[in-house]
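You will see two complexes here that share chain A, one where it goes with chain B and one where it goes with chain C.
Right, the complex of A and B next:
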């Protein structure tokens, strides 16, 4: 299932106002690493339905969000809970790393 | 040996960069009344000066003040020392373990005197003795207490108005105020993951530096010079939409809202804009989130608020941190707002407090360590509204903290240092004369900022006047003064790295060239016979000693003669630039000989000095400024309302303190007590 795309406005509402546990991948269309990581998240998404939100931000469409989080490259997966940034995974990551990080964030 | 003390309690009030010449100008203007009281009650030279050690560099001079030894003897000859591995690199030096002379506080504590050493930027940290009488706070960098280890977030300007449609965060923008802090062209870098950019603070005083890693900085041209770098303000900018408040638990009718971002952009703090009873918007209230009942802080227009504690999110971990904030602008109809928030200091960071419980005591009884501001430079708006008031607030916090500790801890000897004047000097003293490079700035405005920093210092000193009535002896002194430069100088004598330009022109340093002929930041060691590093040192690239040495030791003497001759002949705008140049062995006459002083020690001549650190300690500049440091003393054991004609050398201060408190001289002391100002004859 494709990830729901966030823009600057929906990012504020979902991440900060709703305060739901979630992850957001910052990616770029022509980034080859992103092309490998996004499907990993798409496959994982159903396992976490109603528990963790899965979203993505296209950094070329929303440069401000990319800059705001002082990200130096893509892909980057940012984890949030209770309206607070929790952790980040950068670069090429596999399914196990994402699962471990989600567990860590949910337990914290 | 046993010596009778002339006083039971002695306080050193160190003010980094305090210049007696410009001080006299301000005393004559009547704007330093507290200092005048100290002078009237004590002793000094008529000109209030003492003869500073060479080089006129902070850690070198504070170490001389602490040991009574010249820099050549104690071995702390700059912020950095030469890397043992490479001539073009330096390593961290604000480490007491590098000091080869005994510190006076080791003597006082050994004699049973309870001693506090507070942010003394020369051979104070790590603590130099395990004697329980010794208490030490920081000293690992010159700026302010905990600046090097507790910073969690950088300074920000937040601008909000109804035209902004999207929340934007831009880290460390250069000169953003010139456009009213509005971001119009944010070009995001969307490369794949790369190395993070280097932070100068981290590079110079961070963990890696403190554990001995090499720092390699080349002064290739004017853009690498500190006076150019420091005059350009950098800070984070947040642009926020501004609208009617919606979805709040506690927002009054008519309130408006905008958003502040902290923690490098990852934490959001919703903020209300509020009306007063006359219907005018005059304050803002910052909340943790919209559900919160009470704000973190309420800011009124134009008033700086300090000691604000809020959580900073650092890599997902929340840490309480202290900030100052100021609402800079707010339109009466609430449609436009601008505010400054300081950097954030971790309130629990106690690794540079010995014993650690000192921090808890200060935080609980005075308040958390306050941050200062490091944005100002050529931006007069920021210097006036933010930079100067932030330092004033910090100075007052420090005075309160010291008075609290003095009152409750029975200290008998207290060494202190404040960096307000020096920090300001590096930012904008050179703008107090109209140099061509900064023709768009106003010298008179900047002269008045110098005045403000001395008024601030006078206020700080005034907080300790009452101690004279409580049996304390007080010394007011500096490491060096600060001059207003007469000229934009060539690149030699810059303390922040390896100076390339002049040595390259003279043919001694050769840099590698790229394929396009562009000079690279890499030394061609096969062609380089000598380099100039740090403030005043030239090293021969010597075979058998240096990693890439090409000069035969048999040729060293003649090469030194040639370099010195070329330095004296060097002309910039038709003028000689070098004041003195001498071999290491001869530099003993200046106290700058020995293994940490290069093969040749040189000074930049009067007229080409930047601020301090490159010339003699007697050089003078524009606006009645000089590099001489101030000295005066008052209280028990010191003659009242007395002037001496004695030349007071920096090495004389430590033995004078030793005499006053009745302890032996520090082991490597090379000075003599200032007998003339003491009440007892010796």
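Right, the complex of A and C next:
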């Protein structure tokens, strides 16, 4: 299942107002590393249904979002809980790293 | 011997693997390509390819889409998964993947390619995504108006470095060699020297990436004077060469050199029968799309012939109505050649009671292994594929005949 894409407005609502634990991948279309990481998240998503939100931000379409987190590259997965930024993973990460990080964020 | 899932399995979907797939599919082999991530491999990181025959200029991803489409048209199967271990000890090759699936085939082509080498210096890993980068197409834009350092001087380093100048204020290239010497092609070198935004630091390497939350600079060491210095920057791009992605083969018995590259012969054969190594992961002179494609074609044809021989052996030996004498010989061993002639003679005199199948142990190592044959000449007697006895070596015709009656 494709990840739900966020824009500046829906980002505010979902990440900050709803306060649900979630992760957001910052990606772009012509980034080959992103193309490898996005499917990893798509496959993991069903396992975390109703527990962790999985979202997608296209940095070309929503420049101000990556500027806000002063990101210096894609792909990066940002983790949020209780409306607060918790952690991030950069570059070519595999399933295990994402699973570990989610566990870490949920426990904290 | 159970049913195999495939005839030919190709590990890796770059240009070498895809070309092998095209040849395999066309030869009507049940061919499977197992590929981690996007099909196309490292070629996907190349914005512009200008030396693939027939294509004046094309982007890496577009060229790979054409390769993939071509393979699809011959009925090749594709699987998005990662191979984590292999078992090549038997004639049937077994491949296990990360998603816990097992696949089996008569022949395997290893085309898993290579990946960027890390320098493993302090700060490199910690600041990845916070200023440390490996892909200009992906990340150059994040450094609009900033100072960037590029480490390396090969084609990729210089060409990507020039791409970054479209965004960055200044790009400083750290080069190992003496002033004026770059590892890249001449055209790119000239362009780089003329680019006003490109600067060079010669005879140097970097020792540390500096910065708390984001990259703030690099520590440079001059290799001639040993003197360290610091250079402020917001980004560091590493292009310091590649390493073969062959770590999953460590326990497989495949010969590799100390860096992990697989040595092969003209037919792309590794030291294991039915296993081939192609493209960037093998020991070779030129690592380009066109040479990778050539490797893939060679290996697929070699694999096809190998499978044909295997099948022929299975029908002629395993399903033979007559009893079979499997005669293991070595052309360099005279004794075994003479013995071979004698066996034929004896069989004639017994009015061809047996079918004699000769096996050269120099080229058919796996058969020798399968029947646990360590010396030549050796003769294994088979009845409907089952071993019923072994002959005692003798050059005495009557003694030999007695054993065969």
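We take it that the second predicted complex is superposed on the first by the 108 of 108 C-alpha atoms of A that agree within 3 Å, B and C clash if a C-alpha of one lies under 4 Å from a C-alpha of the other, contacts with A are read in each partner's own complex, and residues count from 1 in each chain.
Please note the rule applied: a contact is a pair of C-beta atoms (placed from the backbone, for glycine too) under 8 Å apart; a residue touches a chain by one contact, two chains touch by 3 or more.
Please read these numbers as outputs of a predicted model, since none were measured by experiment.
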For this session: Look at the residues of chain A and decide whether chain B or chain C touches more of them.
Result: B
Exercise. If you stack the two complexes on chain A, which partner ends up touching A:18: first (chain B), second (chain C), both, or neither?
Worked result: neither
Exercise. For A:39, is the partner it touches chain B (first), chain C (second), both, or none of the two (neither)?
Worked result: second
Exercise. For A:5, is the partner it touches chain B (first), chain C (second), both, or none of the two (neither)?
Worked result: neither
For this session: May I ask you to decide whether A:31 touches chain B, chain C, both, or neither, giving the answer as first, second, both or neither?
Result: both
For this session: Could you look at A:47 and tell me whether it touches chain B, chain C, both or neither (first, second, both, neither)?
Result: neither
Exercise. Does the superposition put A:85 against chain B (first), chain C (second), both, or neither?
Worked result: first
Exercise. Touching A:74 in the superposition: chain B (first), chain C (second), both, neither?
Worked result: both
Exercise. Can you pull the chain A residues that chain B and chain C both touch?
Worked result: 28, 31, 33, 66, 70, 72-74, 76, 88, 90-91
Exercise. In their complex, what parts of chain A are in touch with chain B?
Worked result: 8-9, 12, 16-17, 28, 31, 33, 59-60, 63-64, 66-70, 72-74, 76, 79, 83-88, 90-91, 105, 108
Problem set entry | chain A-facing residues of chain C, complex | 36-38, 44-45, 61, 80, 98, 128-131, 133-135, 137-139, 142-143, 214-215, 234-235
Exercise. Can you list the residues on chain A that touch chain C in the complex?
Worked result: 28, 30-36, 39, 66, 70-76, 88-91, 95
Problem set entry | chain B residues touching chain A - in the complex, by the definition given at the top | 166-171, 186-196, 247, 259, 261, 263-268, 289-290, 313, 315-316, 318
